[in-house]
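Chain naming follows the written order as A, B, C, D and E, and within any one chain the residues start at number 1.
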Amino acid sequence: MADTPRREPRPRATTSSSRRRSVAHIRPGTTPGTLPAPEPGATTPKRICVIAYTREAVTETEGKTLEEALAAAGPGVRWINVDGADAPLLQRLGTHFKLHPLALEDVLTGPQRPKVERYTDHYFMILRMLRRTTPGQVDIDDEQVSVFFGRDWVITVQERPGGDVFDPVRDAIRQARGRVREAGADYLAYLLLDAVVDGYFPVLEAVSDRVEALEAETLAPAPPTLQALQHTRHTVLTLRRAIWPTREAVGVLQREESPLVAAETRVFLRDSHDHAVQALELVEAFREMLAGMMDVYLSVQNQRLNEVMKVLTVIATLFIPLTFIASIYGMNFEHMPELHWRFGYAYALSLMVLIAGGMLFYFRRKGWW
Amino acid sequence: MADTPRREPRPRATTSSSRRRSVAHIRPGTTPGTLPAPEPGATTPKRICVIAYTREAVTETEGKTLEEALAAAGPGVRWINVDGADAPLLQRLGTHFKLHPLALEDVLTGPQRPKVERYTDHYFMILRMLRRTTPGQVDIDDEQVSVFFGRDWVITVQERPGGDVFDPVRDAIRQARGRVREAGADYLAYLLLDAVVDGYFPVLEAVSDRVEALEAETLAPAPPTLQALQHTRHTVLTLRRAIWPTREAVGVLQREESPLVAAETRVFLRDSHDHAVQALELVEAFREMLAGMMDVYLSVQNQRLNEVMKVLTVIATLFIPLTFIASIYGMNFEHMPELHWRFGYAYALSLMVLIAGGMLFYFRRKGWW
Amino acid sequence: MADTPRREPRPRATTSSSRRRSVAHIRPGTTPGTLPAPEPGATTPKRICVIAYTREAVTETEGKTLEEALAAAGPGVRWINVDGADAPLLQRLGTHFKLHPLALEDVLTGPQRPKVERYTDHYFMILRMLRRTTPGQVDIDDEQVSVFFGRDWVITVQERPGGDVFDPVRDAIRQARGRVREAGADYLAYLLLDAVVDGYFPVLEAVSDRVEALEAETLAPAPPTLQALQHTRHTVLTLRRAIWPTREAVGVLQREESPLVAAETRVFLRDSHDHAVQALELVEAFREMLAGMMDVYLSVQNQRLNEVMKVLTVIATLFIPLTFIASIYGMNFEHMPELHWRFGYAYALSLMVLIAGGMLFYFRRKGWW
Amino acid sequence: MADTPRREPRPRATTSSSRRRSVAHIRPGTTPGTLPAPEPGATTPKRICVIAYTREAVTETEGKTLEEALAAAGPGVRWINVDGADAPLLQRLGTHFKLHPLALEDVLTGPQRPKVERYTDHYFMILRMLRRTTPGQVDIDDEQVSVFFGRDWVITVQERPGGDVFDPVRDAIRQARGRVREAGADYLAYLLLDAVVDGYFPVLEAVSDRVEALEAETLAPAPPTLQALQHTRHTVLTLRRAIWPTREAVGVLQREESPLVAAETRVFLRDSHDHAVQALELVEAFREMLAGMMDVYLSVQNQRLNEVMKVLTVIATLFIPLTFIASIYGMNFEHMPELHWRFGYAYALSLMVLIAGGMLFYFRRKGWW
Amino acid sequence: MADTPRREPRPRATTSSSRRRSVAHIRPGTTPGTLPAPEPGATTPKRICVIAYTREAVTETEGKTLEEALAAAGPGVRWINVDGADAPLLQRLGTHFKLHPLALEDVLTGPQRPKVERYTDHYFMILRMLRRTTPGQVDIDDEQVSVFFGRDWVITVQERPGGDVFDPVRDAIRQARGRVREAGADYLAYLLLDAVVDGYFPVLEAVSDRVEALEAETLAPAPPTLQALQHTRHTVLTLRRAIWPTREAVGVLQREESPLVAAETRVFLRDSHDHAVQALELVEAFREMLAGMMDVYLSVQNQRLNEVMKVLTVIATLFIPLTFIASIYGMNFEHMPELHWRFGYAYALSLMVLIAGGMLFYFRRKGWW
């Protein structure tokens, strides 16, 4: 019965979409609960995919329209995944599953902070999916994932196709790994949440490597170090803005008494909360280390200036008096007795050597040379 | 029945009023609850406008006096909007709607912090309406809006005409958009609150753009950068002082059990609270970024000083010894054997080249050149 | 019946007393609840003045001794105001009104932090009255005011005569303005508290002006700017230390259930609390701005150093090579072919012009000139 | 009956003990509740002294062993004071008064943070006694005092003799001052706690004076200023580490419902709590001021560097071009027309004066001279 | 009966393992509760060792497999210690003691933050064991210890052999020291927790010594000081990340009502909590001191630059004018009257002395010399 077709690898997010808005697209004065019209020219390729499973069977259907996909789905817990939703589709989803209009509005008015909200008979979560854009770099691709879940359904809305973070969850359902097929929609929602939170760790690892590399660099900095420092600070700030409210949200979900979340699932949510706390602590440690590195950077710059100035000072103060003596005996006065001494030249040179020696002795004592 | 005249665009706030006091106009020792007399010469053009609506009909009246306007209003929820209130008018409003004298006093004693206060049978809110004065700039026009609401009435008092932030709410009432015509005064109050909070986002977007521009600038700063940095910091501080207490106030309104606020409205207030939290997080992120940019600015200045000093040091330490040699052979002693050598000149020049070469080698090894 | 004599303006605090101790005069090891003996030579002129009022009448009496003054007072709520209390007088007050010895001790052991304390049948408040010493300056005169209030009496103890902050309250009682004559001792205590809190705002306004002036100055700072910055920071710190605990204390008084504070008075206390919060927020904003200005100050100093160094570098690196060339041809070697060339001088000058031109081109490209 | 012998002034702490460990002497892996063996060579002179008092009488006994001293004590509340306790003595104390082994362990494993702990039928407090070592300095002598108190006994353990902080309490008992002879062991414990907390204020006053002196110094700093700043920061940090947990501990003691602490004593504990809060606020103010002074110090250093550089720049840029001109006319070319001009010398000098004048005009315009 | 074999000293951790990952080894998308497969090549030598004890007897067994070791163990409380666990072993442990799969997963997915988690019938603790790698240094060896405990068993899992921190606990059991043999599994768990927390203090002592040494160094810093400062800051950060959550976890364990933790054990846990708080306060004090030292370091650098610049300025400004005069009289004009004066040379020299004297006077007044 279980019909699990092999899914093609989804196309990666285009670079144009990786340059994100940092401020939510809220238009003041709009009637709350109305969905924004699609921006002209932004025709994201929609994809609706429904997985339905019971303890015994899995059906996986994909359709161009919501009704088509739902009709074909089997019995049990249903997971509707939508890539690139637009207003009309969300409207139909809202009507079908009785989703709250304010939640639907949040799905479309992009970058929202992560949160968990409880409505009468469903939960609504906003999560931020963070991925490195290029390996070895700390650039982050930041995508918003909206998750609704009720008694026996879960809806996930992704901004772009490319959500391979959820692929292991799909595989777990297909292969009946763990307890997913035995548990309800709340456990599935937990699995998705867990997948997103665990997805922060590879990014954190990349940041950790970068911070370590920068630490060595700041002790002998070149101008690009400053830019790299700033860049990493940005990434850390982005991570923090994603992880901080996620931790809070998971904490709320775990503590709240609700018939929609089973007691056994709560134990698992505590684990996710724990991971979020751990991620946040790493972020805070990185922040502090980067701030400290800025201090070190400035200090090393000062040290260099000191060194340069010492060389200048030693050379200048050594030769200026000598040159002065030489220029005295370069004067053209008629009556300058020294000029006619037999050993005048030797005397002048000796004077110079004497002065230079004294200077050098002084500098050495000062530790400049 | 619905009489909805087209409203002319209101005149923009004059520039003179955009230079705001930052300290509330509290005169120590005044009896609490007394309204301040109008400042001489400050004759703001009053405008009273009443919108009354039921599920079926809307009436919109405007009058020179309060009594006139109220008399003409139809049945249902009444929204009295006053532009540029003065003490006598507030006194009459207070008597008519049984407003608390302390709340009335707050309306007139200028910049108050946003708050929500519950009185026996009405709520009182102070909000700060923030708008950019000029597009592309981060200058903010900051206006105080006072909102009272009771069982079936809402009073809004604006300092100056120009409150186009509320125009969409008016349109929603006129066109019966959303659930406004079905809900009570609490929902209307929520809509106004929501309009003010959502109005922060265009300002935040402007600040976001400016912060991004400044970030690039600080890596190659010119003196005006410093001023721009300071200016933006100010704007962020102003935003923070407006948004922080707003968030708090909305949170209180949402959580408090009160017969004046319906349970369904609470769900919407949670959404507004969420927006306020999001705005605040952006503000905090901007603050941190601007503080970091100050560090970068100082570091780049140091870097430049370093570079200038290196050039000076290289040139000076290169030529000072050479000039010393030249000045030695410029001395006029009678007995200077080198002067009479056949290749004395060549020898002196060679000596100089040798010394210069050694110096350059040393500088290169130091990485200065 | 109402006998309200015109009061002379009280003499201003002497400058000697405006230099305050910043640490409370607590002598370790003293038995708690004992009053300190007066410091020798500190004979503050005592003044005891009692205002008693009912809804109908006011009596105002003044006496050299407490018993004298109380005996002469009429019926109703009694307000005993003492300027410059000493231990024996407080002892008698304590016995008469059953004041707690610990509270009495706090009155005399100088700078205490603002607080509200509840004893069995009276409240005890310590407040800090802040006033500008000279207009246009941010110097603060800081005086402690102790307020006791019970069922139908209020006692205020001021350190020095000069408490014109309370004069409007006296006038309100005499002229039966507001609801003071109808309410009890708790409302009078509120009025006094309100007078003190509102008295912070003119000081804050002065600080606000000074901060704004300093902001402009830091962009082109002179040495006195640094001192002015520090001075203003101090004032802000003093304000903070006065306002922070005041806010807390008023909050406690407002929330606490007590038969001594009527429910209606609580609404007014909420207003005072609000003012204290607003004052505190201003103080925090000033603190942040002043800290930011210190950064700017340092940055502007660095900028100037940069500018000075650039001038030095341009001049020195321009002329040092030229002087070197000149000194070469100033050498006295017998065999220097260039010296005998017909256009030797012209050649030397041309060489110099060439080098100078190259240098200037390099500097311009670097943006130094 | 009251036998109160005159006590000799105790010997001052030796300097060797004033150099304190900053980390508690916890040896990992020891069985909890075991007392550490005395460090070899550390034979602190033990002294056990018992004061017993009722409303009518006081007995004061001193003995070499605990049993001796207790046997001789009269009826009533007993205060056992031990200077320089060691493990065997504590063991006997513990057995006699049923003290908890963990508390006994804390007494000996030195620097513990201040705390109050409640055991089944006694309280255990750790306090830090701070004293200035030398008047006029901010060096602090930091001693740990352990206080146990039960229904009718108080035990104090001091590390070294020299606890004159408790002498006033002894005198109060002997002379029946205040309510000490009427109250129980809890009031005596309060008096001791109060004595320790009030002992912070002279230290704070010394710090306050030093901070004020440093403030003036930083505006014209000499190198020792930096060390003095650091030193004072340390003292403030030490104060903070002592006062912060003390405040917390007193707060706990005051709030906790316990049959061992009478309601009347609670009012007095609130007063101690208040003093601790006040001390802490002073400490925080000092911290902020010292941090601000570090900024000023750096700024003044920068200012000086600026000044020095300006002098160098003015002199160097003034004379370098002039010297260049002089060296041109010092060249030995055969054909240099100017040299043969009649007014060549005057022309050269005039040229120099002209250039110097132009330079000076430029510098003045720049504000450098 | 008590069979307590002498245990060989375990081999020290290899240096390769002391270079720790700082980010937990969480692979996104794995089904929660599955144990990671061992990394290829990482064949840690497993060791399973069971101690079982009653009030009367102790048996100590060691086996290659879990079943072997458990079978041989005697009656009473059982402590199973595993060094270097792998997935299959944990699986068997989990099945035998009904451990929660999420807890088992945390044991293997490396650096987890310290925590205490309560499952249905057992507790799970993660602790961080910190040790100095080399005496006299502040390098830290950081090992994760997982502790499970139920009604009458305790399981400890260490990453590597070398856990001599637990040896004193073993000895206490063998020799029936303290109350360990009379108490249950909760007390044993407490002892292990206490051993870990007390193990932080020697590290803190080392850091304390280092901070003190650095403090002296910063006043006369050499370049390595900066690196040492950074290094110590790192150690302090690591300590903080270990101690902060430990304190929290112990606090939770102490407060929580649970049948698994006896009331008497709670008193001991409060002591551990206290130690953790104390450790944390030390860490915070070190952090603040190190941050302050960075400021001092920068200031001392600036001071040195100032000194160097003063020397340069004094020498340069002294000799530049003198050299200028000399070069004037080195010019070759035909008509220079001074050159033919009888005392021209003396006049020139006097002029120079005069100018030099004036300069020196000026410098002395400036305090530069």
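Assume a contact is a pair of C-beta atoms (placed from the backbone, for glycine too) under 8 Å apart; a residue touches a chain by one contact, two chains touch by 3 or more.
Because the structure is predicted, anything quoted here is derived from the model rather than measured.
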| item | value |
| --- | --- |
| Smallest count of steps, each to a touching chain, taking chain B to chain C | 1 |
| Partner chains that chain A and chain E have in common | none |
| Inter-copy rotation, chain C to chain E, in degrees (Cα atoms; steps of 5) | 145 |
| Residue-number overlap at the chain A/chain B interface, same or different (half cut) | different |
| Whole-Å gap between the CA centroids of chain A and chain D | 43 |
| Length of the line joining the C-alpha centres of chain C and chain D, rounded to whole Å | 27 |
| Chain B: positions in contact with at least two other chains | 298, 302, 305, 309, 312, 316, 320, 323, 327, 330-332, 336 |
| Chain ring listed from chain B, with chain C in second place | B, C, D, E, A |
| Chain C-touching residues of chain B, taken from the complex the two chains share | 22-24, 26-34, 100, 102, 106, 112-113, 115, 117, 119, 223, 226-227, 230, 233-234, 237, 241, 245, 294, 297-298, 301-302, 304-305, 308-309, 311-312, 315-316, 319-320, 322-323, 326-327, 329-332, 336, 338-345, 348-349 |
| Residue ranges of chain C in contact with chain B within the complex | 165, 167-169, 172, 177-180, 191, 194-195, 198-199, 201-202, 204-205, 208, 215, 219, 267-268, 270-271, 274-275, 277-278, 281-282, 285, 288-289, 292, 295-296, 298-300, 302-303, 305-306, 309-310, 312-313, 316-317, 320-321, 323-324, 327-328, 330-336, 368 |
